[in-house]
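One chain, subunit A, appears in both complexes that follow, with subunit B as partner in the first and subunit C in the second.
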Partner chain A sequence: MRARRELAVFILAVVLLACGPLISPLVHLDISILSEVLVTTLAVLSVNLLLGYTGLPAFGNAAYFGLGAYGAALSVTYLHVDFVTAVLAGAAAAVAGALILGPFLLRRRGIYFGLLSIAFGEIFYFIAYRYTDVTGGEDGMNFPRPPFGPGLAHVAIHETQFYYIALVVFAVAMIAFRVVVRSPFGRTLIAIRQNEARVRYLGLDTDRFIFVALLISALLAGVSGALFGLLINFAYPLELDWHQSGNFVLMMILGGAGTIWGSLIGALIYVIGKDIISTITPLWQIFLGALFVACVLGFPRGIVGSLGALRRRRPVDPEDPVSSEAFDAGAPVEVGRGV
Partner chain B sequence: MSEPILLEATDITKAFGGVRAVDTVSVAVHEGTIHALIGPNGAGKTTFFNAISGFTFPDHGRVTFRGTDVTRTLNWRRITMGMGRTFQTPSVFPELTVDENIRLGVRAHAKQAFRLRTPGGAAAAAVDARVDELLGFVNLAAQRERLVAELAHGSQRLCEIAMSLSTEPVLVLLDEPMAGLAEAETDRIVAVIRDLRQRLGLTVFFVEHNMRVVLALADRITVLDRGKLLAEGSPQEIAADNAVRRAYLGSEVLERV
Partner chain C sequence: MLHDLVPQLFNGLVLGAFYAIVAIGLSLIMNLTGTINMAHGSFMTLAGYLAYSLVLRGTSFWFALIAAPLICVIVGVLVERTLVRPLYKREPFYSLLMTFGLSLMAEEIFRLIWGSNGVPFSPPAALAGATSLGFMAFPTFRIFIVAVLVVAIVALAFFLTRTRFGLRLRAAVQDTEMIAALGTNTQVLYAVNFGLGIFLAGIAGVLAAGMLGLSPTSGNALLMPAFVTVIIGGMGSLFGSIVGGLLIGTAISMTTLFIPAASEVSMYVLMAIVLSVRPRGLFGEEGIFG
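What follows is the complex of A and B.
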């Protein structure tokens, strides 16, 4: 029942998004902005897995996002690879980064995990900033968008094609993310957020779970960064900076921590909001900041999280089969945080 | 004490800054016994418990469990070796249901926690059966779909005990299982602790303040005072011990024995 409803929501969302190129001219929105929404959602999911589900302050995920962007930029510039290979190179760079940083981050918890994540991100930022000969330094790297790749070596990717590629990647990532968070592995991550000591006292090595969560998170951020670089044909040091990490956290909180759809909603509001408001006033950050404050004060669970909580507020009688089914569907599965 | 030793702590010392919270304390817990650790506030009971369960490591001393030196063994590994533990304030997953709390432990023990797919068939049936069994043991079957945060304090503690049993331990460490409970709830927990040994054949080592409970349950009692071992013996011996009387027990408690 619940699974079928979720599938319906998913299909509806993908169909709606597939109509994006038809709708966007009507609302004077560039199709590349919609691509940016989908690509950014992946980075928000990556923060969500660590922060929203596992409870680790992932304040440095821009490091993996930037490694993805630079991985794509460097491989296109110096190795002349195709689109698919560039995305894979970006993802591999991000996962390699997490493999190196992971052992250092693994034993840290709470604010120390957050601060160390930021510090590591800044190291990558300064490498990109200073290693001018290879990365272009502060000016960043301009690079052409390569043709698609295997079997389609000569197919150029224009904005609409890019959007559909991003949509496919987005759909796959959403399904994979749901599989992960609903699996016994994902349940254990949620348990770690609630009470890590108890998880250890169930005989589980929580470091191992956190390390794998970090690798999955880096993979998502790396794919996101690589696609973002290929979208704007540009990689620049600020993609690695902690401001960027902060934006991902902000989008996650806006949409709803620990909710799958919250990541899309957060990215949607932030990216489109930025696009619209920044054409009206250069002070767009003030308005987004105000929105963020209003959200934290009014809907601390984020938009999707608050909607889920609202739906669940109806009184539940465990003896009543109808309402107890509602109870089953609501609270336990999404850990009281909405869909 | 003819039964073999299950857990042996030798000369355990743990200091915080300049304060020796536990000072060269040795305790042997024998198989199949209910062993109590008592002492006034600040005697070092929880610190000692943390050192033997791997929550912290002792500065000096040795812990052996089932004949293996576990002094520096990580806590999660001790659980896989057959130790279970509860905490002073119930350590549970408040936003999950009772069923899910216990299921996590059962899955961990069945080595399913790391999987990306929920196993079906016989493996799933075995997990379901074990969850039902544990829920029945602590009598929480009726509340299985409730969030643990919504339960009464005593029921949360029972849920925690069931979780500590989900990993199929041979030794259960209970840190003040009656703290903050009403009389009626205390009686429920006392019955469960008794069942741990009688029905499940487990060894229990517990910290407790409530002397009525300790004297009713324990086969053997260890008394700590200001970090040092003060006395050890049967309930009768402890109740008659003058040093214990002075340090800890009010004389009116003893008259009731």
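What follows is the complex of A and C.
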């Protein structure tokens, strides 16, 4: 019953999104903005897996996002690869980055993990910034959008085609994400979020679980970054910066931490809101900052999380938070220091 | 190149002193309340701009050096009481995110008031020029910076170890509930502690404005090295922050001299090495932040 309803929601959402190119002219939105929403959702999902489900403050995911963008940009520029290969190259670059950083990040938990993520992520920012000969430095890299690739070697990808490619990747990622977080592996991640010590006592090597979660997260962020680079035909160092990581976390909180659809809602509001507000006023950053403050102080469950809580009208079942859909990751936790 | 070595080493140590004092301010706030203050750099920038405006209106540099940080403290404590306080009971990343938002807003507000470009803020005539140290000449202002930062750190250490209030602060870091149960108003502790961190940031901000320049993002440029300092020195250890800051300053200045392209990356490499050997940082304490 439950699974059937979920499937219905999923199909409805995909059908709605598939109508995007028809709807967008009516509301004066560029189709590439809708593509950006779908692409960004993947990066928000990557933060969600670590922060919303596993409880690790992932403030460095822009590193993997940016590695994805640069992986695509470099492979297109220097190896003249096709679209599909460029995305794979971006994803591979991001996973490689996580493989290198993982052993260091795994050394700590809690907010310390967040600090390490921010700090280590900056390495890639400075590499992109400094190695001007290869990466174009501060100016970034312009690169053309290559043809699709296998079987469709000479099919050029225009904005509408790009949107449908992004939609397919988005749909696959959402299904995969759902499968992962409901699998025994995903349940273990949630258990780690709730009480890592207890999971250890059960004999599970939590480091290994977190490492795999980190790799999956990097994969998602890398695909997102590669598609984003191919969408705007540009890769620039700020994609790797921790401000970008902060934006992903904001989108996750906005939509609802630990909820699958929250990532899409958060990305949708953020990307479209940014597009609208930044055309009205150059002071976009003040709105963004205020949104951070307001979200954290007044709306920590996010949109989907709050809706879920409303619908249930009861506290989240601590025994089985996932089956109660929007579980409690975003809500105030009565532990922590300085109470 | 070798005759540049000693001056460059000294420059590195001055830079390291900045990192140390910013890191100490961050640590103070982090240790007591678990708040990672991403707006710390904004308070430095604010202090710099306030000092700039004060000097522009005719006050002396010396007055600005004290007044600007104090105004920052007032702003900081207001922010702490209204915006940070509700987050103490939540997981630390909420306050990180909130203060990150504050820093975004602050940056744009600085741009509105003082313009996007950097503004010139030079030290007073008394501190201009260079002083001979016997074996080499070194800019007087930098010597002054080191002196002020050392005095500030010593004063802080004295405050924390030799006064009753400092004692309570340190006790609260160990066990907040216990100190509250013993009748100390912990909210006062939080506010004063936050103000103290901001005061250090303010002083560093004014001095940094004179040495490193002043622009809407200048304070944030010191924030990341300060985080790395905290990680290298070990969370919860003020002494660690000092050692960490000086280490990073030296590493950056040396790589700037020999491998300029790697100057920013060097501190992260240092951090990776330290973490591999000592996951808690050089002087990190057991138990704090797991």
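The rule is simple: the second predicted complex is superposed on the first by the 311 of 339 C-alpha atoms of A that agree within 3 Å, B and C clash if a C-alpha of one lies under 4 Å from a C-alpha of the other, contacts with A are read in each partner's own complex, and residues count from 1 in each chain.
Simple rule for what comes next: contacts are C-beta pairs under 8 Å (C-beta built on N, C-alpha and C of every residue); 3 or more make two chains touch, one makes a residue touch a chain.
Note that the structure is predicted; figures quoted are calculated from it, not measured.
Undergrad: Just subunit B (first), just subunit C (second), both, or neither: which does A:293 touch?
TA: In the superposition, A:293 contacts subunit C only.
Undergrad: When the two structures are overlaid on chain A, which partner does A:108 contact: first (subunit B), second (subunit C), both, or neither?
TA: second
Undergrad: Which of the two partners, first being subunit B and second being subunit C, lies in contact with A:123: first, second, both, or neither?
TA: second
Undergrad: Please name the chain, subunit B or subunit C, that touches the greater number of residues in subunit A.
TA: On the superposition, C touches more of the residues of subunit A.
Undergrad: In the superposed arrangement, which partner chain does A:191 touch: subunit B (first), subunit C (second), both, or neither?
TA: Touch partner of A:191: subunit B, not subunit C.
Undergrad: Looking at A:164, would you say it contacts subunit B, subunit C, both, or neither? Reply first, second, both or neither.
TA: After superposition on chain A, A:164 lies in contact with neither partner.
Undergrad: Can A:249 be said to touch subunit B (first), subunit C (second), both, or neither?
TA: Touch status of A:249: second partner only.
Undergrad: Would you sort A:234 into first (subunit B), second (subunit C), both or neither based on which partner it touches?
TA: neither
Undergrad: Which positions of subunit A sit in both the subunit B and the subunit C interface?
TA: Shared contact residues on subunit A: 332, 335-336.
Undergrad: Where on subunit A does subunit B make contact in their complex?
TA: Checking each residue of subunit A against subunit B gives 179-180, 183-185, 187-188, 190-191, 194-195, 197-206, 208-209, 318, 324, 327-328, 331-332, 335-336.
Undergrad: How about subunit A: which of its residues touch subunit C in the complex?
TA: 51, 57, 59, 104, 107-112, 114-116, 118-120, 122-123, 126-127, 129-131, 242-243, 246, 249-250, 253, 283, 285-286, 288-293, 295-297, 300, 332-339
Undergrad: Show which residues of subunit B lie in contact with subunit A when the two form their complex.
TA: Result: residues 53, 55, 74-77, 79-80, 84-85, 87, 91-97, 99-100, 104-105, 107-109, 112-118, 145-147, 163-164, 166-167 of subunit B touch subunit A.
Undergrad: Write out the stretch or stretches of subunit C touching subunit A in their complex.
TA: 32-36, 83, 86-98, 100-109, 112, 176-177, 186, 190, 224, 227-228, 230-231, 235, 261-262, 264-265, 268, 271-272, 275-276, 279, 289-290
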